[in-house]
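Handing you this structure, nothing more for now.
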Amino acid sequence: MKQIITFGEVLMRLSPEGNKKFMQANLLEFYFGGTEINVGISIANFGEKVKHISCVSNDFVGDTAISYIQKFGVSTSAIVRSDRPLGVYFLEVGAVMRPSSISYNRAHSSFADIRPEMVDWETILRKAKWIHWTGITPALGKGGYDTLKAGLLLAKEKGIQVSTDPTYRKGLWKYGENAKDVLTDLISLSTIFIGGVNEINEVLGTNYSYSNDDFIEASKQLMKRFPNIEKVFDKIRTSINASWHKIRARMWNGKEFRETTDFDITHIIDRIGTGDAFAAGLIYGLQSFDDCKAMEFASAACALKHTYEGDVNYATVDEVMAILNGDVSGRVNR
Amino acid sequence: MKQIITFGEVLMRLSPEGNKKFMQANLLEFYFGGTEINVGISIANFGEKVKHISCVSNDFVGDTAISYIQKFGVSTSAIVRSDRPLGVYFLEVGAVMRPSSISYNRAHSSFADIRPEMVDWETILRKAKWIHWTGITPALGKGGYDTLKAGLLLAKEKGIQVSTDPTYRKGLWKYGENAKDVLTDLISLSTIFIGGVNEINEVLGTNYSYSNDDFIEASKQLMKRFPNIEKVFDKIRTSINASWHKIRARMWNGKEFRETTDFDITHIIDRIGTGDAFAAGLIYGLQSFDDCKAMEFASAACALKHTYEGDVNYATVDEVMAILNGDVSGRVNR
Amino acid sequence: MKQIITFGEVLMRLSPEGNKKFMQANLLEFYFGGTEINVGISIANFGEKVKHISCVSNDFVGDTAISYIQKFGVSTSAIVRSDRPLGVYFLEVGAVMRPSSISYNRAHSSFADIRPEMVDWETILRKAKWIHWTGITPALGKGGYDTLKAGLLLAKEKGIQVSTDPTYRKGLWKYGENAKDVLTDLISLSTIFIGGVNEINEVLGTNYSYSNDDFIEASKQLMKRFPNIEKVFDKIRTSINASWHKIRARMWNGKEFRETTDFDITHIIDRIGTGDAFAAGLIYGLQSFDDCKAMEFASAACALKHTYEGDVNYATVDEVMAILNGDVSGRVNR
Amino acid sequence: MKQIITFGEVLMRLSPEGNKKFMQANLLEFYFGGTEINVGISIANFGEKVKHISCVSNDFVGDTAISYIQKFGVSTSAIVRSDRPLGVYFLEVGAVMRPSSISYNRAHSSFADIRPEMVDWETILRKAKWIHWTGITPALGKGGYDTLKAGLLLAKEKGIQVSTDPTYRKGLWKYGENAKDVLTDLISLSTIFIGGVNEINEVLGTNYSYSNDDFIEASKQLMKRFPNIEKVFDKIRTSINASWHKIRARMWNGKEFRETTDFDITHIIDRIGTGDAFAAGLIYGLQSFDDCKAMEFASAACALKHTYEGDVNYATVDEVMAILNGDVSGRVNR
Amino acid sequence: MKQIITFGEVLMRLSPEGNKKFMQANLLEFYFGGTEINVGISIANFGEKVKHISCVSNDFVGDTAISYIQKFGVSTSAIVRSDRPLGVYFLEVGAVMRPSSISYNRAHSSFADIRPEMVDWETILRKAKWIHWTGITPALGKGGYDTLKAGLLLAKEKGIQVSTDPTYRKGLWKYGENAKDVLTDLISLSTIFIGGVNEINEVLGTNYSYSNDDFIEASKQLMKRFPNIEKVFDKIRTSINASWHKIRARMWNGKEFRETTDFDITHIIDRIGTGDAFAAGLIYGLQSFDDCKAMEFASAACALKHTYEGDVNYATVDEVMAILNGDVSGRVNR
Amino acid sequence: MKQIITFGEVLMRLSPEGNKKFMQANLLEFYFGGTEINVGISIANFGEKVKHISCVSNDFVGDTAISYIQKFGVSTSAIVRSDRPLGVYFLEVGAVMRPSSISYNRAHSSFADIRPEMVDWETILRKAKWIHWTGITPALGKGGYDTLKAGLLLAKEKGIQVSTDPTYRKGLWKYGENAKDVLTDLISLSTIFIGGVNEINEVLGTNYSYSNDDFIEASKQLMKRFPNIEKVFDKIRTSINASWHKIRARMWNGKEFRETTDFDITHIIDRIGTGDAFAAGLIYGLQSFDDCKAMEFASAACALKHTYEGDVNYATVDEVMAILNGDVSGRVNR
């Protein structure tokens, strides 16, 4: 079986239990996450072979991160080490009208130390069928950008699928490069676009609204600008409050527009990583189903992820299919 | 005060805290439960004298199970010991559209070691006024079936009330006996039937629907086939998802049909043992109230159980009555 | 910056984690609280200078209480010590239709030992701009009543604002004084009345209903009887069940009646101290905004408090303002 | 089987986990204990039938205390309830040279509410063979003293064995009675004295040293003053520090002096209740063995108790006998 | 790098935190272990490639076991699944003179379901350089015995090293085969004997004492009977009590006798799996050092294992070497 | 009362509970520490007024750090904020022969952002009587060095006592300055030297041994080189292993040499911060006692600190004096 490649920072997530604030706690739960490894682990849980590429700290924290990834059967053999510390993020989980808060400690992390010569793309891509990247990686520093670009260029050459979730976060992008230029550069090497009107507006400098019509038009413009992009998938979240969301999806694949109905997530357990579960669902789905069913699979996977603590989507294909087939009753499996 | 007798397996329940999966945990909460002991403990919490009969392991796990039961004032003096291990079940608690999952380790447990000669029914029933059994016990093995039948025969002779919750679970029943035959045999020794159209269809081989009309007709046919059955009580659960249910009940007592309105359980804490709380509520209620109020008491007890972690219904009679009388506001008691 | 003074008992709160009952637990979470210190800490979290006056036990429990208050930057320099134990309350947190239960151990606590000569009001009020009291303090004993009265008399002399939340709890008031007389005495020294029709009826011996018309009329009568009272603020809670409330507020300031819309608190984390958050919001708001916006600030603060575990409202002014400005989506702050 | 009766206050013990101080914790472990119930539970764990007499709070804390005692099979049918709160003690566990600290909240507890008319000694002692009391009970208040004395007088009349651990704690004894007079009164109704030179000096007003010679002489004087006393047992603790003790015992039974060798307790888990384990060991041992072996059994029980968290000695007779027979290697039992 | 193969049952270990008894707990820590997988994981932590062969349950418990093993980089690709439950063991950890207690639930576990046809020895041993087995496996049932024997026969054919820790546990061996016969059969296929006088006496039917002279003589007799055995390694444990041990080792390699000095383990954290750490140390050491240094490495590894909670030895080669080189001061590594 | 000033980085400490490794944990305990704030808090616990100067992150982690310091009554009014993250250190606590391991994430922390203009030394030192610094601060970066030097120059001018613990850690000092030069610069502004032969050798470039004679000679040379240094205090740790240390101290005050006997710390709870407790003990002691008693007080404080979890020494003056006066029995305080 050929591998799916994910590339990006592995972060340690630290948060008090439940909805406690740091000031109330003296214990923190920890997980490892990061948008690309979240995607990788979710795909591995769907039964695919996955290899993650990153640079982690050369200490017991980095050892633990690697061990955490291995637990899910994701290959860590291409992860390199640095003397810098692993990136950390602190999370206070909100509830009802109280938002969650995140504070990052990643500016000088081990991942920012990565350099193209550390990653043997030739060997890695020889056994690969898909590579996934997000807009976080090139935002973190030149090393990540250069390393990623080297991989995408080779992937293009080899005809490997490239999906991107070009999430744009203004708070990052501090190392000198211009976000729009860099994203343009990398999107032009990609084939599947996982993002919505916001991301398209950012890259094209347009001003489309959230309406379906505008989404279709925006997607068309995107594909005109980037003819390599074959399909656009968008996940729509309606937040009643921090504890109760609705999720649906829509797509434009160059030929037809489709959208799903809402999943009603009345009691959210953890919303971190739900976008990553959507991306993972698409990557799995597009290899197994037609575009529309892939989108439905992805949105069901995204909905299910809200029920797991931590960044990881533990759902298996069977579990997603059950939801997709309409069983949301949550009846006990004995 | 005469005793109420419950008879059945005591299981150790092991589950990660909150909604964690086993793969996320390194700690498991444990409780002891099992459908019949759950009924017994709930009735004891209503102030009745209860004796539970079982066979538990002859090690510190069995000691702990006995200690757990004693905590609620349920008599353990008729519990016997075996060198086999106590049955265990593992539980992952779902949320929203994610179902809970249960995995059992009970096939060769201490309870499967029980034999009729280990239980002195004559002495036990001398001080008893009621005996309750469920379809789980005869499904687990010949020893449990034979031991139970010996008790029911003597109970019939002494005119003791016999209630049954004949839950049919296809996954069990592996020791050679036929479920329908065995259940028919035991139901013919019982007086109160706690179950619905599903269970009746199973036993009679009929095909009634969930409608009230079919429920009444099914109950009539059941009573025709088993003239000893005096009353039929059915609990109806509407699952919006794993975190939000509605509960109501209906009955046919040979003379009249009655049903309750729904309890809206918007934030479920633990749904295991809620059917047992219904049975316990009925057993208590039928001794204290008319049939209709007994049913209302049982459904209020069942609704309240959804708010307690673990298998046990901690509600007292006063607490159930408050709900029954319409106070569902949950205002603080100071 | 002049200080806001709060005066009252500091209690240790002990409760099992989550919704567990004491019988299920072997660990208890503890916090320190009490209606007046809750108000004080919340105001300190809004950035004001606050001094709390109390009498706590002269042991490591009292040390811990003082340390807990210092954590929030509230001055503890006027807290005195007694050889009696700190008051304690035990809490079982309910869910859905199950009410929370509280059991107090405060009848002979260190606070009941307070005497007027222990508090140097002259020095304390020299740097004060506001003093807040509640009906709990004079209910607990003569020492608290006398000490409070001494402070209020001096506050009146100095023209310091005096707010009161005259909560009437029948279960207290065991030391011989009559609640109505004592409250009348103290309300006549106060300027801001935080309470509703219930409290007015209790003090005036009237029988007004909950309607807005009656609230206005009751407030007018209150101001007629106590011309020192300038404004009346009332918080209205609608309990769907123990896990789901709606909160709104209304006011009569002698000139106009205003009311807010409801905040929908669909997943309550902890409702203890939400009334105190309302009072704190008002005390902060009345110094910063007009009466109507102060009321809106207070009700947003009250709503937010339902999302924090423990008695304390951790919300900052910015966080309350965000809610007040309509952002209840709980979107993650990165 | 006749019962052994213990009589005394049931306290809730609250302490941070491990060696944490209150200032470091936000969770407290809780147990129920008290010197006499500790003795009772330990004897029940040796297989005897035990009934404990006390007065506990009429709330969920009192319910939990009763449930805790039932867990060990100790009868709670003679425990009465009061509207006052259950006594509480707070414990910080020391280590090495840091002493443990205890702070009590028991002065106005439910137990101080007990009155002779609440205890039906006639019925209770009809099925009793032994009654045990300690010096804590009469120190707590007149109600406990009077109730105890009524029981001891009837026990003497019925020829029931009466053991006493007359622990003298200066900090108690605040209700007006003189410790020496009261203890003299009650010791004159007892037959087994569990205490050493300190306690004898306190009661007789003498000044004996810790030497074996003085212990023998003191015991002789005690028996001369109280001819009803048949035997004196003394436990000697050598504290290297808070984490490492040595334990041995000595006795004078009117005929011979005997002493044991030291048990070396190199890693103490919990030293609360170890004196109670000694008393329980004696009460069991004196019914099963000769005086010397009873003393050895008691000191082995006392040593073992240092290895259990909480007040309770979980050791069974077999486990104590193994230690007594010299196996202190702690090899794993499979 | 060629692989080291371990073969045996994977058990779930469940124990209360610290030194609590089951009766005191409501939480259990869980780990996965079993003598052979413990050896495998420890060797993987030394940097070798390891593959473990077993049969685990086909449920989320089995999934978690596999995930746990993958965490350490041990290959799980040859682990098969069964519908039977995973074996479980319950552990109460003793202290000082209190022994730990273990209770097993493994008689009908998934591992007992293994059959020779489930294991593709040919493929597995093609990449293997060493195989390790213990006396537990053939004691559990015919399936394990047959499967193991098939592997050892092939290993012999291929000239692969075979080490054995022939631990004899009387409590097992219930399926009809005779322990001595079976062990004789399997030892005759092995090359390295990790065991002492006890095990030799068991297999040869001799009666040697623990003296060094007898150990040498016993080893010679063993090698005479089993000429395939090249070396005998024996670990000697001196138990001061359950919290304090001393460890040393001795060997006879057919040519010379050597022994180490004692490691003084003054504060044991967890002694389960320390024998497995010794075996793992030997397997690693014999490939890297001479026999004597291998023995020293193994005894240092064994000593270090006493400082890790759970069954697993986390020590790396560098960490063992530091101890081996005499640094037992435990100075902080920064 | 004049204040004692401490200046240095505040770090978040994260470690698994007990002796777990990161790979075994999913929860981390957190504390705030750092050598200088540890000294400050310990002195505050002795009853002195203390102000700590630092630069912490401008997020909820920084808020929590400030709140943590306020808990102990240490003034935080001179702590400034930076957009960089707070420094973090990860700790795995060893046992017996297993060393603890620490990994730092502080190279680009908020403290490294401090600049002289952020600290108003003039105002701060107006109310100060003592300032304490350590060799960690100037090692972390130029900003800390410059800011510290500005303070020490002013302190010298004002005749304020300056104590230093010039701990030299080779792993730090990466920003370009030479350790020896910088330390020389700062020591020449200090009056009390808390360090031993190692530190003197580092600063003087000498090579003295640990003998008392060499210590005296080294101290003399130090004072010759730095005539401002009045006294030298040295703490000597003997590590039996990671769980068992012995502590003593020695001094040369220009006139006499004195040394204490060993404290035997048989069961270490936490050794982090014990050197800081020694420094705090000296700073308190030198203001209250003669030099020799100050040294004894400091070594008793240091010994006691080994019994508290976390970085903080919770000991009060009374508690240290009890140890100093020879009571190391750890008898329970009731």
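Going in written order, the chains are labelled A, B, C, D, E and F, and every chain counts its residues from 1.
As a working rule, a residue touches a chain if its C-beta (ideal position, glycine included) is under 8 Å from a C-beta of that chain, and two chains touch if they have at least 3 such contacts.
The shown structure was predicted, so the numbers you read here are calculated from the model rather than taken from an experiment.
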### Query
In terms of residue-numbered contact pairs, which of B-D, A-C or C-E coincides with A-B for over half of them?
A-C
### Task
Name the chain pair with more contacting C-beta pairs, choosing from A-D and A-E.
A-E
### Task
Please work out the Cα centroid separation of chain B and chain C, and write it as a whole number of Å.
45
### Task
Name the residues of chain E that each touch 2 or more other chains.
21, 23-26, 67, 71, 101, 104, 267
### Interface residues, chain F side, partner chain D - complex
71, 263-269, 303-304, 306-310, 314-315, 319, 322-323, 327-334
### Query
Residues of chain E touching chain D in their complex?
18-21, 23-24, 94-102, 104, 169, 171, 239-244, 267, 271-272
### Summary
The answer for chain E against chain C in the complex is residues 24-26
### Message
List the residues on chain C that touch chain F in their complex, please.
### Response
67-68, 70-73
### Query
Which residues, counting only chain D, touch chain C once they are in their complex?
14, 17, 21-23, 25-31, 57, 59-61, 63-64, 67, 84-86, 88, 90, 92, 101, 103-105, 107-108
